Every structure is written in structure tokens, then in C-alpha cells.
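Look at the two complexes coming up: chain A is in both, with chain B in one and chain C in the other.
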Partner chain A sequence: MSASFDLTLPDEVVAMRQAARSLALGRLDAVAREVDTTGQVPADVAGHLRDMGFTCVVDSEFGGGGVPDTHTQLIGVETLAHGDPSIVGAEVFTGGGALLLSLLGTAGQRRRFLPGAAAGSAAAPTVALYERFEPSPRAYDTEITRMPDGRYLVHGEKVAVALGGGADHVIVVGRDPEQDVLRAAVVALADIEVASAPAQGHLAMSSAGLTRIRFDVTVDADTLLHDEADGVTLAQAVARTRLLPAAVALGGATRAREYATRYATERVAFGRPIISFQGVSFTLADNHMQLDAARLGLWSIATALDGLDDDRLADEVGRTVAECHAAATTATRDAIQMLGGHGFLTDHPVELWYRCTALLSTIDCDPRFTRFAPAV
Partner chain B sequence: MAISLKPSQKTVELVELTRRWSLDVVRPYAREADTNEIYPDVPEVIEACPLDVAPVGFATLRDDEYVDRAHTLKTDIEFGPNVLSVFMTEPLSQGDSWAWQMLHGGTVSEDFINLIGTPEQVEKWCTGEHVLTAIAMTEDQSGTDLAGIQTTAVRDGDEWVLNGKKVFISNLLECEWIVLLATIDPEAGSAGVRAFILDRDDIAKFDVTTDKEDKIGFRFIRNATFELHDIRIPFDRCVGGPEAPGVAAALGVFSKNRATCAVWGTSIARGCLGFTEQWIDERAEEYSPARLTRIRADFAEMHDTLDDVVRLALKSAWLKDRGENAAATACEAKAVTPKLAESIVLRCLQLVGAEGASERHLLEKWYRDIKMTDAMLGPGQVQRRSVAQMLLRGGAGR
Partner chain C sequence: MVNLELSPELRRYERELREWSVEMVRPHARKADTDHEPPANWKEIIDSCPVPLSKNTAPAGAADHPEDLPTFPDGELMRGLVQYEMLNYGDIWAMHCMGGGIAHIVVRMLGTEEQSKRWYEPIISGGGTTGFALTEPQFGSDTSMIQTRAVRDGDTWVLKGQKIFCSHGASADFVVAFATTDPARGAAASEAFVVERGTPGFEIIRANEDKLGLRSWETSQLGFDDCRIPLENRLGYVPGADGTAGGGRLGALSVLNNNRPNVGSMAIGIAQAALDVTVEVLAEQRHGYRPHRWSAIQDDLDAMSAALERGRRMCRRAQWMRGQGLPNRLEASAAKAFSPGTAERVVRRCMQILGPDGASTDLLLEKWYRDLKILDIFEGTGQVQRMVVGKELAKQAG
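Then we have the complex of A and B:
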């Protein structure tokens, strides 16, 4: 993309976005309720999403669609989330390992895991990124420490690990306390203690199988991902991974705003369409402006991923993610509000989007960058 | 001059007793109520409640009944029933919301009859052993705007003949009787709307198209959709009679209940906040000092905010007890509270993290429940419209 300020999307990105929107509104939208209930994504939908190449990124060398640049992936994921943020969010979480492997996997790791992921015949490793008490990767409690024998001790606890895709390996991201750098290691699920039942439901993303895991395992050095490859560092890849759920939230919330706007033009109360009341139209306008600002913030930090030191990068991503989730949770709650009592019913999809944006906002929430803001 | 915004010590003690009941006795059944989508069948929970009348029903007690009730509750009657109602609603749902509606006077239908019914109707329908009741107001095209009601009641000799459709009606299949709003003059807008009482035999003749709506929260309350085809009821079932004030009196009922409905939301949020504070305190050593400081500042802000909006509800109740116009202040409380209460529950979810959004805890249930309090008795945007209109008329009160 251009180095100077320019928001023009290249033709191929416009075309891609059109295709993603068709899939979102033509198929994801139709199966959203079923997936929410069953926790199972229909095989054809999973296949279409895989073929799109945004939720499960696989290098073309191994049969995938290649690794899109960060902006393109964010736009693709957000557009797909118009159809259903829960399905797309779950796919982003389960597909996170493929992205890290495509960017930083060793040749052996990529050969072992990526062809199956590209073909849909096997699940790529999932990612164990988020922690209960320490949102910043720079200060993760999980440690990956080199032992005297050259192997590595991987010790810690992670939350929101997506096991619903059937992965049998997990890429654990933690800190090397001696080198003060991030490390990532591929760990067999069999060596990991599952601390919460995967079947235990969450507000949304039922197909993700979000799980809390604990681990205290020694692994060989060849299970570690590269710290840097082709100019991309692990800190930057982790930052990119953290931005994707924020894009999902924006996509779901934008759809909610569109849905509520349409409803408000059709619903008549007190003798006229409710959109003609400023209490309704200004709220929708605020939602639109907040989402627009958050999206630009997301694109902005995506531009700057390679220009920040690791500390600054972690904090800037934390702030940006917080802004996106604040805009998204506000827009979805207001969308329900516009529908009045109808908004609570499963007859309308808005309550799905309300639940999903709330869940996404809990996973990567740094209290330093978010706060309760009273409005009285 | 001695302005006081505090309850008496006796009331404080009763509030605490009620809070403990909600936390210790009601909360253990909260997940069951949500999963089974029906009130748990545990009458001992209701019997253990320190209150035998739902606070929302205090204001419809006759003066002598209220005095008796206050003595029974061992509280003061230094303030009127509406103020006591707000004070006592605040602890009621801190454990969970499912139980209190099972208390006598827990639904607005009895209010309708107590406030605008004839003495005979009050005697027949609102005295004696407590039964669960319901109210049918909402239609596909009509929510808060009663002028949109299209269900008709046509007089035919000594009977009314009802036709139409109602949606989203709570407790229809569980209730003993229901108050249903219909118009006796479709050309008259809201002025044509009247309330009618239908008993179990009448309800059995409804064409129920949905007996349980799938909805996001308050799943223990079942909501039905039904149609009425030439349902005939006796003439004396029109609340207050056809000449009684129509929608104005009906809105008066909602005006009173808006303040307590607002405090229902603060009660859920306060319970959620208490849970989260305890969860964080038990893990305080896990947080960096900067985060813990931020979190505790948030807790203080959230408590202050809840106190703010409860005071708005108290002001409305106080005006009502004095016989003054409380409509604007009730709308104020109802306009701002649900959104704030909801944002507090969301903040609690975020502070507990992904685990907070799982069924391991009740936070995710309360986040689904709290959204419901905003649409009840009119969503926030309609309340703001009402406040604005009263300001324009110079009638927003003191």
C-alpha cells in the first residue's frame, strides 16, 4: 500500500471485499443461528472461509492462498464478520496458529502442519496467547525458559484457547525471562492440562471451544518458532494476531448498526418512522462515527507495526483494541435498543452480535487502557 | 433545613436482610432458572423472603395495609410506600432476579386494578391468596406507544368481544388472570385504550401461537404470542368501567413503576459488582499495581454511579408519595439507569476476562438479563423524549 496518506483500496482488495461480503451475507448470515446453537460450522461454510484465506492464513507454498498484508487481512476479516462475528471470530481464533506458522514457522514445522490446514484435512495448531491477569505480551506470566540441556521449559496458564477446531497442538506464546524477548513453542495438546471444560459455553463463538489451559512441559528446541523471519518479528506477528478479533468486532457491530438503521426507517411509532426522532438518528450517527474512528485507528496501528519497539507496540495495540471493542459493544447494545422489545428475541440476529462483541471485549482487555465511563 | 437522603437504621437492617436472602437463597437457583427457562419450583425460597409483598406493590396497598405491612416488616413508616419501594427493590435482585416476581404484588396487573379499578374489582381480584398474574399490552406494531394498539373490545349487550393479537406477553401460561389492553374506539388513539380482566377460562380460549419466545435474557420469564378471536368476557371486566380514564390512568401505573424498574437494573448491577470485587480481591496479588489501582478506581466509580441513579429514583418516589407530579423524574431514572447498569455489568465481565463471559459464572447471564431492563416500560430513547417534552411544557418538576 502507498507510503503517503491514501485510503484508496487497490482493485484486488475491492474485489476481495466484494467476494467476502457475498459470502458473509449469502451464507454466514444464514447459518449463524444454527452454529450458535450447535457449535458446529457446516463443512461447506468452513471450506469457503478457508478458501477466502483470511481466517486461516496459509503460505501458498503449502497449498494456501498466501499471506495477505495486514490491512488486507483486517479488511477481509471485518467484512466476513458482517455475516456473523461469532463464526468468523471462532475461525480467527482457531486459525491463529496457521498465521504464526506461515510467518515464523521453521521449515519443518511448516511442512508438518500447513498442508493439512490448507486442504482442510487436519487442523493447524491453535494459539495460546491471552492470559487472565496480564494482557500485555511484554509482561506475560507464561515463561519459555532455556534449560541447561538446550531444551525449553514452557510454564504458565492461558485463556481463550480455541480447541473447537480439533487441533492437537498448541502454539504457546510466552516470555523468555533471561533474554527478555517473546518466544513461541509448539506444544502437544496431550502434554497440556485443560483447566476448564471446552464444552462450557460462552456468550458467543460456540464453535471456538474456548478453553483455559495450564502447562508445565519441557520441549525440544526445534519446537520453537523463529523470533524473526523475512523482517517480521514474533512481537509484530503477535500484535497482528491481537488486531484480528478487534476487526471481527467492528464487522459485527457495523452490521448491527446497518440492521438497526434499516429497522428504524421501517418502524413507525408516535405517527412516524422512529429514525425521524433525533434520539434514534443521533445515536445511530454516533455509532457510525465511533466505528469509523476505531477502524481508522486499527488501520493506523497496522501501518505502524514494524516501526515501534516491543513495549510501545504492545501498549499501542492494547489501546487500539480497547477503542475498537468500546465502539463495537456500544453499537451492538444501541442496535438492540433501536429494536425495542424485538431486539431481545432470537427472531432478530442483533442479540447474537451483542453477545459476541461483549465476549470479544473480555478476551483482550487491559484495565490500563479501558475504564468505566459514567454518563450521568 | 434538614435534607436527608438516607433511610432509617431499621430500613437499613431490612435492606441487608433482603440482600442476604437474595444472595444466599435466591442465587443458588439462578443458573437453573436460566437453563430450564422457568421459575424454579422451590416455594421455600419465596417463603424465606423477608418481604411478603413485592416492593413494587407497596404503593398500591391501602394506608392501613401499608402501616400494618411496615410493622410486620419491622421498619419505619417515616417515608411513604413509594420511597420504601425503591429502598427495598435495590437489594432484591442482587443475588438474581428470578424470585421476587413470585411475591404478592410483583406484577403491574394488580396495580392497574388497585389504581383505576372499581371497589368491586379490587375486592374480587386483588385480595385473598396471592396468585401469579400477567399483563398483555405489546403488539407487533405497538410497544410504548399505546396509540398503536389495534386489539379491539366491542360491547355486545352484557359482554365485551375481544379480537386482536398480543406479543411478548410474560407469564401468560402460568398466570391465574391477566389484564389486557384493547381499544374501544380505534379512531380515538390512546384515549380509546382500556384495560380488561381475563381469567384462566378466557385464557384457555386464546390461540397461542408461541408459548415461549426465545430471547436473550430473563429466560425464566416465559413470553407468549397469542391471538384473540371473538373472545367474550362479562361487561364488568373492563377495569374501572368504560367511562373511566383510559390511557392516562394506565400510563400513571407505568410512571410509578418506572422508578422501581430502574432500580431493578441497579440491583442486578450491584450484585454483579459485588461478585466481581470479591473475585478480584481473591486474586489481587496476580495483578500489577497499576492495573489493580485502575480496577479499584473503576469499582469506586461504579458504586458512585449506582448511588447517583438510585437517588434519581428516590426523588421520583418521594414526589409520588407527596402526591406531586413524579412523571418526569421517573422517566429520568428510567432513561439513564439501564444503560449505566448494563455498562457496569459489561465492565465486570471484562475485568474477569474470558472466564467471566463463560457459563462458569453468572456474569454472562446477568449481561443477558440486564439488557431486558431497558425496554421494559419504555426504552431509554422514549424516556428521554418524555423528559424533553415535559421540559418544553415547563412541567419537569422541581
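Then we have the complex of A and C:
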């Protein structure tokens, strides 16, 4: 029987989502402020996240929880981000290399890096994906070029590389200009120039250690990941990696919307709960609809990952990600607005979510897909 | 003849103020945010301004005494808007140093001549800091929900309650606190009381609230725990007369709504700064973009610039009307509804265009994005402004 429209989640995904929500609201929520201040994720929280198997995906062959399908991972990451998008976002960025290695790593690369990542004894390589000027992987300025001696020259610059997890290797994703295909190579951090100030901070995700790096290094051929393995291409794996921060943003923003809604039902002004005013309820309704539509878009592109050519895939992912970030940044700013002055205080977590979704929206932004619009 | 341009004289004033603000104010922005206070030498910095500025407190003989302010064909209100925009173009910390609060102005508005002599004139002639205590944890926009209680007990009033978001509250020589003499009547029974620093029962619960932005501005949480003050500390008190001034003193504060276009200008100043920094950074990086992406960015830069100009015109129109003695309630609220919300979007878009470095502490955009958020909340939220606009439109229709 052919597949038809169906949003029914398998029982195991429902159970997994419940477990993720418990961790999000039972633990991540509680340490969010502390992590924002210190930039350090408590060891038990990092362990719980690792065990959930969504932020740092490791093949079961190497002691991990296995590689979930894309939908399951997106749902898991979004649910965890209800607790705190900054912590989960940072873990998604620092754990991104494990996903690529699990999907496309050579046997040697997987043996070398994944057992430690699964056990929490060593950091998996982080990923150098995003670029300053070119959001589409199909047109990355970073080049990975085969040299006459069979080695590869890896040359370029990347932003938002998460070095906060202590990784000593980076998986650089770039374009092979001769073959016009994507390539990914594992490069030692020692061979890379850290271009941004080491103490550079950002609006949020303090534990990620987001950094700009520059590299011009020659590596052996065996540092390259497979172009394709088990039916998954590097372009598809990169697309999946790009979707995860969007899921984080949706999770944080959905929590903000829920928080603001509850506040609006309890806060009384002019003789009634403020949610009874259309200026409040319509705004929250708009937030919900925008987030919901963006989530459906995210799930939709996840379904289509293996059916699009590389050019279309890169653009469709860019458009979907942009829609998620637009919905998330709007919902978190509106959530502060719903709380009024209280939303501006750190007594409430809404300001954390406002900062985090804004930061996430800067990382993978194709200016073609969203446009500035004034408030009125 | 219709003309939406400022006079050449005011434009020159604007230019000098902007250049000074970038050179002298902005370099302290990051530290003011980190330290949660203005630079220690803030007075020296403000005094270095090459053009006269208006302040809430104007020590006698100082160049910034109101009568020493330059006059422009555009009027003083327009000069004020320029000052608000250009100071914030440097950074928002300077605004908080432009005067010691507004409570002494409230004394002048609501108090008797005697009270003005006691609490207003000394601040104007000798400087000082005064705090304004109105908002409470359970209300912001709806002042009828005021719960801080004032109970007459012989020759004293006894205050009990809590206040939040009190500008200069912890460091003020005195605060003007609003309280109700009858909780059932709320704001209708509200009175304003001068509470001097050190009065028993006057507690500073939190000297400076932990905030998303605007961290260098002291906003305090204050408590009044059976705080006993003399009868004459009630604004409007007349010796020999018993009781209150009749309540409803909050209504008299509506003149503070005149500040709404100024807040709009603050937001525009910050967003213009973010836009100009972005353009400056992009000028060095333009070669990195492929033409179709650069074209999209250029369109956005143009749209943001145009939006800020629209907000600027709305603020100026509202103040011009006030200067002409025309009712401007609708226009002032429209300017306030449009400008901060649009400014937020401008700064966020600038960060997106610059990528994650744009949201890093290497630049000030992330700080300005945090600072800006409050401007769509205080002095009337964006929602309240829309309510006002709607009501005014209904009046016109009726």
C-alpha cells in the first residue's frame, strides 16, 4: 500500500517524547539560568542529554543509542528545547559531528571517535558548516580540493563552530570545485586558525563556545567522510544537520508561547485576565499558528530529504529554516511583550528564550528567504 | 508651506551631538552593560558635550540651564527629540545620567507651592536624585489596581506595599510613591507621597533589578513596611486642612504621556546606530557576497532606513502638534507604537545579515537588541498605544 498523509507518531516516539519532556521540564529548565551565567553544563545534565541520543547521535555499534530517523530526532530536539533552547542548541552544535560520523564516517573514523563520544569520555569532532556569506552548501566558499598527490587541500572560513565541548577535531564541510560535489574532512583543531576572539560571547548559548575559524590545510584522503553510505548522501546529512537548530528554535519559542499564555490567563488588568483582550489573544494565536505551520514545514522537508536534487534541497532547507526562525523570534519577543515589564526581568525565563532564538536566527540566514518588515 | 526637514541650525546641532555621542558615549557602552552602572566619570563625559543639553536637573549657572539652551526655528520640543535620538545613537546609558529622575517634576506638578520649594527647587538649583515609584508587581498598565496602602494615623500617613521598576529608586534623595487611601476605590483614591531616604520602614528590596537590557539604568524594587511619614509629605497637602486631596492623583500624570514621542526617538536612535554599524561592516565585506544575495541585503538595508525615517517623521509630527497646542494623543501613541517595535526588528535583521558575529559581544548590536525591548513596554506598551489609537479613531468616527 502506498504511503498517504499521516501524522500519527509511533508509540515509541510518543514515549520518547514524553521522556524528553520530563528531562526538559524536570532538569534543563532548572539549570538554564546557571548555564547561561557560567557557560558550563552540569555533568549530570550533559549525561542525560547524551543518553537521550538526540543531540549527540552515536551509532549503537559504538555504544550509542543508535541513529534515529530525521523526524524522531527533530521531535526529540524540539521537545528538549522546551526546557532550555540555549543548552540544547549548544549540545546540537557541539554534537553535530557525531551525527555525520554515524551516517557517513569511514570505519576508521567511527572506531576512533564514536566510542568516546558515546561514553562521554571524549568529545566527538564538532562541525564547521556555516559560512559568513554563503548559506547554501551547494555554493559554499570553503573548498576541499584534491591535490595531484592524492591528498586534499581544505581552504576557507567558517562561523558558528562550537568549540565549547572541548573537541580537538573539526569536520569541515566544503565544496569540491572540480567534481562539484560536497565533501567533508576531519581536520585537527591544532591545524586551524581560530579567527574570532577566544572570549567572544554571544546573545545566548554560552556553553557552545561559538567561534569563527579559518583554515588552509592539507589532509590525507582518509580524513574524508564518505560521500554516500546506506542510501544517505552527504548533502542529505548536511541538510538534516541544518534542520536541527530550527527545531531547537521552535522548541524554545513554543515554550515561550505556552509560558506567555499561562501568564495571560492569570494576569488581570482592567478587571479581567489579559488573555480576554484581543490584542493579547490574537497575538498568542498568531504565534501558535506561525510556529505550528513552521513545524509542519520542518517535518515536510524532513520527509522530502531524499527526494530532492542537491540544489533544490539546499534552497528548500534554507527556506524552511528561515520560516522557523521568523516564527520563533516573533513568538519570543511577543512573549516578553505579554509579560510586560516582568518579561524584561531575569526573574522570568522568557528573556533567555528571546535571546536564544535571536542568536539561532543569525546562524543560517539566507537573506533571500525572509525580508525586513516594520512593526506596523 | 509643508516642510518635513529640520532647520539647518538644528541639523548642525544634531550632527555635533551625534559625533560627540559616538566618540564619547559609545566607547563606554559595553562596560556600562557589564557593570550594571554608568561609567564612574559619567559627569565629566556628559559635560564634555560641545552643544548644550537639557536635563531634568540643571545646576544654577551651568551651561545646560534651560534658559541657556539654544533656540531653533523648529522649537524646543523638536530639539528635545534630536537630543533623545542622538544620545541613544551613542548608547542608552547616557540617558539615565541626564537628570536625577522625574519625581521632583511630579512634585511640581502635583504639589503645593510650599512643597515645590522644599522638594523641587533644591533639586533644580543644587542637583540631586529623585525616584518615581508607581508600578507594582501586580500591575503595570492598569493603574486602578494600585494596592500600596496609605492609612492616616493621627499626624502621619502609614504606607504599606511594594513597588517595582522605580527609576533611581535606591539612590534617590527621596521618592514619590503612589498609594491608595481606599483599596476598594484603587486609583480613584490614589495620592502621591514624598518618602525621604532613611525614613524608617522604607526598604530597598533590590537596588537594581536584573534585566535583559538597560542594565546600567538603576531600576529598584522598593518596600514600604509601615513606613510612617508626616502629613505634609502628601502632595497637595494644605496645612490645617484634613484628609486627602480627593484622590485620583494618578490622572494628573497623564501629562507624562508627552514623553511618548521621545521614547520613540530613543528607539530610532538605537536602531539607526545598529543600521549604520551594519552598513559600515558590510562595506568591508561586500566582495564576499554573490550578487543575488547582496541585492537582497541592499533591499533590506534600504527598507530599514526608510522605516526608521517613517518613525522619525511620526515622532516629529507628534511633538510639532504639541508645540502648536494641538491635541496629539493619537499621533503620540502612533509614534510610540511604531518606533520601538520597528527598531527591534531593524536590530534583529541587522544581526541576521551580519551572521553570528553580529550577535556576538564583539559588536554592540546584541546589547542594543536587549536594551530596545523595554522601549516597547515602558511609558505605555505597544498594546496600550494601539488601544489609545483605536479609541481616538472611534472618537473621530463618532
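By definition in this document, the second predicted complex is superposed on the first by the 372 of 376 C-alpha atoms of A that agree within 3 Å, B and C clash if a C-alpha of one lies under 4 Å from a C-alpha of the other, contacts with A are read in each partner's own complex, and residues count from 1 in each chain.
We take it that a residue touches a chain if its C-beta (ideal position, glycine included) is under 8 Å from a C-beta of that chain, and two chains touch if they have at least 3 such contacts.
The structure presented is a predicted model; accordingly, all values stated were derived computationally and were not measured.
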So, after the overlay on chain A, do chain B and chain C clash or fit? They clash
Can A:63 be said to touch chain B (first), chain C (second), both, or neither?
neither
A:47 contacts which: chain B (first), chain C (second), both, neither?
neither
I'd like to know which partner A:177 touches here: chain B for first, chain C for second, both or neither.
neither
Classify the contacts of A:358 with the two partner chains as first (chain B alone), second (chain C alone), both, or neither.
both
Contacts on chain A seen with chain B and repeated with chain C across the two complexes
130, 132-134, 139, 159-160, 196, 200-203, 210, 212, 268-270, 277, 279-280, 329, 333, 336-337, 340-341, 343-347, 351, 354-355, 358-359, 361-363, 365-368, 370-376
How about chain A: which of its residues touch chain C in the complex?
130, 132-134, 139, 141, 159-160, 196-197, 200-203, 210, 212, 268-270, 277, 279-280, 329, 333, 336-337, 340-347, 351, 354-355, 358-359, 361-363, 365-368, 370-376
Quick one: in the complex, what on chain A touches chain B?
130, 132-134, 139, 159-160, 196, 200-203, 210, 212, 268-271, 277, 279-280, 283, 329, 333, 336-337, 340-341, 343-347, 351, 354-355, 358-359, 361-363, 365-368, 370-376
Across the complex, what residues on chain C touch chain A?
135, 137-142, 144-145, 164-165, 209-214, 285, 288-290, 292-293, 296-297, 299-300, 303-304, 307, 310-311, 337-338, 340-342, 344-346, 348-349, 351-362, 366, 369-370, 373-374, 376-378, 381-383, 386-387
Partner chain A, residues of chain B touching it in the complex
138, 141, 143-145, 147-148, 168, 213-217, 283, 286-288, 290-291, 294-295, 297-298, 301-302, 304-305, 308-309, 336, 339-340, 342-344, 346-347, 349-360, 364, 367-368, 371-372, 374-375, 379-382, 384-385
